[in-house]
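Listed after this line are the structures, all set down as structure tokens.
Two complexes, one shared chain (chain A), two partners (chain B, chain C).
Then we have the complex of A and B:
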């Protein structure tokens, strides 16, 4: 599903002393099946943007086209509900949304709201819980008895089981231990590749953005200031500095090495690629 | 939705009203609550309205904004008005609808009582809009101090108040977040009959309760770790400072009361 923003402006608390312009005249498109990253300093409008993507917030001015659904200032509940079916959202600390008696029931909550019947919802729930490595013996236990990492996985399964075409991830790894961090990010990558869904990652972790996303959009003060290929924008340290963003570690390292005369054929995106390129360089220069 | 709540909200500012000692403000509001009942004639009510308008302007608040806040209790105001309209008898009969009559006394009483209520709500709104919750609880603690003689745990009550006030915005934020998270999962609160709307509240309240209990426990531990033992041996970081302008404000309020009393009929 393709999502387009047309002259989108978003204002909070309109006509009160607390009025705040969060997004200012944004025009952009999220193409189908692409892995996007949205980056920007705190307060740049990232969360407003993603909440507008799935109808949680309606634009104050302008339009959102999600597939054939049009969202505007005064859209109907029915349209908003339809968008939510196609655009899934994993909030920051999604484990805070768990509420059911059992893990299985909690995961089935979303699919059932989207109109799937009991048996289909259960099938989906079991499938995605399994995909996230939640053991079948835990299906009937209370979600509140699980560990933090497991709770997070159950909550994520609850979104995936709705089978959205677009998946929005808001700081999905905040507070996770390094191992779960890698596992979770690898899982999203796999889902993106195998199921061809659009993934939109919002995070402060520039290393993740650099390693996993294909395209990035940079927000600053409510404006969309840059969009383009991740490999072009995130390797440009000067550009990132202008918007108070930290370059990814591996970019910094590669640039430092360049200054010392160690120049690779390409810019690596993760540790494995870096090691490989370094081995190559060594073999050629030693 | 939640952002429209004006009650208990504080707007920082530097007006003279903002700068008054919170104790003076609370005492003035209490005085005003009594003064409101002095008015028994239209001149009195007009004076009340003028007084509140001047007060609003002095506090640098916009009148329109304040009236938007009144919308919350609009139903209560309308209810009061219509109760008087239909059930207070006396004076000339204005409308005779057979099974009901509207009489002039009812109209007059209805308008007066509604103005009274609105004034009471407006002045307390001005109080909370210009006084931070922390200042308010500090002031209440100081004003209630004499009650200690009767073994009233004033400090503990004030602490409970400030903790609750402190967590209102946090809980609001949290509620909003959970509502969003659940509605992203397709939960609908705006549609369906009463029963299904009530059921839609479970996914909001359970997570909210759980996080509140967790937060309360964490907070209790954090306080204990930092050696909190109640009031014993504590000094105040914020010291309230009563100045001549606070006395002056109270005197003004009393003079206003006397004027209203004098024009009674």
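Then we have the complex of A and C:
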């Protein structure tokens, strides 16, 4: 499913003293099957943008085209519902998403809502909970009687179990322990590749954006200020600095080594590639 | 000084021990980091310290005084905590009220309250949002406000439970800088929970938890060397240490030292 924003503007509490312009005249497209990153400073409008993508927020002005469905200021519940069936979103705060009595029921809600019967929904729920490393002993607990990281994993499992065409992730690794962080990012990548789904990742973790996404969109003060290939934008330190963003660790180290005269043929994408390039360089300059 | 002596806690009697015979000391002015896998008991531990959960086994002493039903409320005034989810702690209708709330509660005079509120909001770059409603902020803005509310209290013991997990890297560095300043003054005990091991480097003491138990503790250097405990508790060394392990001898160094030695 292709999603396009046309002159999208989003204003909180319009026509009140609390009016706040969160997104300003955005035009952009999310192509089918691509892995995107959305980055930007705190308060730049990332969460607002993705909530507009799945109909949780309607545009104040402009349009969202999700496949053949059009969302506008006064769209009907029926259209919003159709979009939500294709576009799954993991919220920035898992507590805003969880609501059922038990962990298992919570994760089954999505697939049941998609029309799967009870048995299939339970199979899917158990499968994804297991992929997220949630122990079966927690299935009957209330989703609110969990640790912060466990809650986030349950929230992620709930969206994956819907098997959406477009997967939106708002800070999906915040609160995960380092090993879970790596495993979860690897899981999203696998699902993206195997099922060909679109993934839209919102995060402050530039290392993940650099390692996993194909394209990035940069937001600043509610404006879409730049979009392009991840490898182009995230290696451009001047650009990042302009929008108060940090370079990924690997990029920073590669640049710091360049200043020492250690120059590689290409910019590595992860620690493994860095190690290889450095060892090659060391062998050639021994 | 705070002493935890053989603390055991289950959320439901007779069931799984969220804390399993924990003994731990926090000295005045010390910066202690607590790390460990999801569900290892970190938040439970600090909730016990705050007196939010109370039917535990074992004992807690604060500045030599045993914590009990009677002194719990007065003792709590020595602590300020930033919870993992900031939504759980907002009490004010505006950002400014929220920060001022704790001060007012503690009987801080009005002039001083206004000054401290402003200072704290300035420190986290949220002064321009003073009139906003806390629940209607972005994720990172909420965390900044929650931190400001705790800072304004100038508590004896400041607890941060993954308080910066949704703040941008620049903002995180600023928060760490604030903590360093507080630490240098030497009056405040800092208890800092994180999953990012690059953030523990300024602590005097670090503790690794696993399944409700402490499986390792020591200086940051000692913790970085305890590969078995790190692995067992699903922890990963920070980026520069990972590179050091792969390409150098793996010794304890800073990022700048790494660049120099490569």
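Here is the rule we use: the second predicted complex is superposed on the first by the 256 of 286 C-alpha atoms of A that agree within 3 Å, B and C clash if a C-alpha of one lies under 4 Å from a C-alpha of the other, contacts with A are read in each partner's own complex, and residues count from 1 in each chain.
Please note the rule applied: contacts are C-beta pairs under 8 Å (C-beta built on N, C-alpha and C of every residue); 3 or more make two chains touch, one makes a residue touch a chain.
None of these values were measured; they are calculated from a predicted model.
Aligning the two structures on chain A places chain B and chain C in a clash. Of the two partner chains, chain C is the only one touched by A:271; chain B is not.
Using the contact criterion defined above for the overlaid structures, shared-chain residue A:158 touches chain B, although it does not reach chain C.
When both complexes are overlaid on chain A, the residue A:12 reaches chain B and chain C alike. Counting the residues of chain A touched by each of chain B and chain C gives the higher count for C. Once the two complexes are laid over each other on the shared chain, residue contacts for A:99 go to chain B alone; chain C is not touched. When the shared chain is aligned, chain B comes close enough to touch A:77, but chain C does not. Of the two partner chains placed around the shared chain by superposition, chain C is the only one that A:177 touches, whereas chain B remains out of contact. By the touch criterion defined above, A:244 lies against chain C but remains apart from chain B after alignment on the C-alpha atoms of chain A. Legend: residue contacts after superposition of the two complexes on their common chain; A:85 is shown touching chain B, with no touch to chain C. By the touch criterion stated above, A:147 is placed in contact with chain C alone, chain B being left untouched. One listed stretch of chain B collides with chain C once both complexes sit on chain A; from 146-154, 218-226 or 254-262, that stretch is 218-226. In the superposition on the C-alpha atoms of chain A, the part of chain A touched by chain B in one complex and by chain C in the other spans residues 12, 18.
Taken together, the chain A residues at the contact with chain C in this complex read 12, 18, 41-43, 46-47, 92-93, 95, 137, 145-150, 153, 170-171, 174-182, 204, 206-207, 244-246, 249, 253, 256-257, 260, 262, 271, 274-275, 278-279. If you check the complex, the residues on chain A that touch chain B are 12-13, 16-18, 51, 54, 56, 77, 81, 84-85, 88-89, 91, 94, 96-99, 109-110, 113-114, 144, 158-159, 162.
Residues 3-4, 11, 62, 65, 68, 177-178, 180-188, 190-191, 202-203, 206-207, 210-211 of chain B are the ones that touch chain A when the two sit in their complex. For chain C in complex with chain A, the touching residues are 11, 16, 36-39, 43, 84-85, 87, 132-133, 136-141, 144, 162, 165-171, 195-197, 233-236, 239-240, 242-243, 246-247, 258-259, 262.
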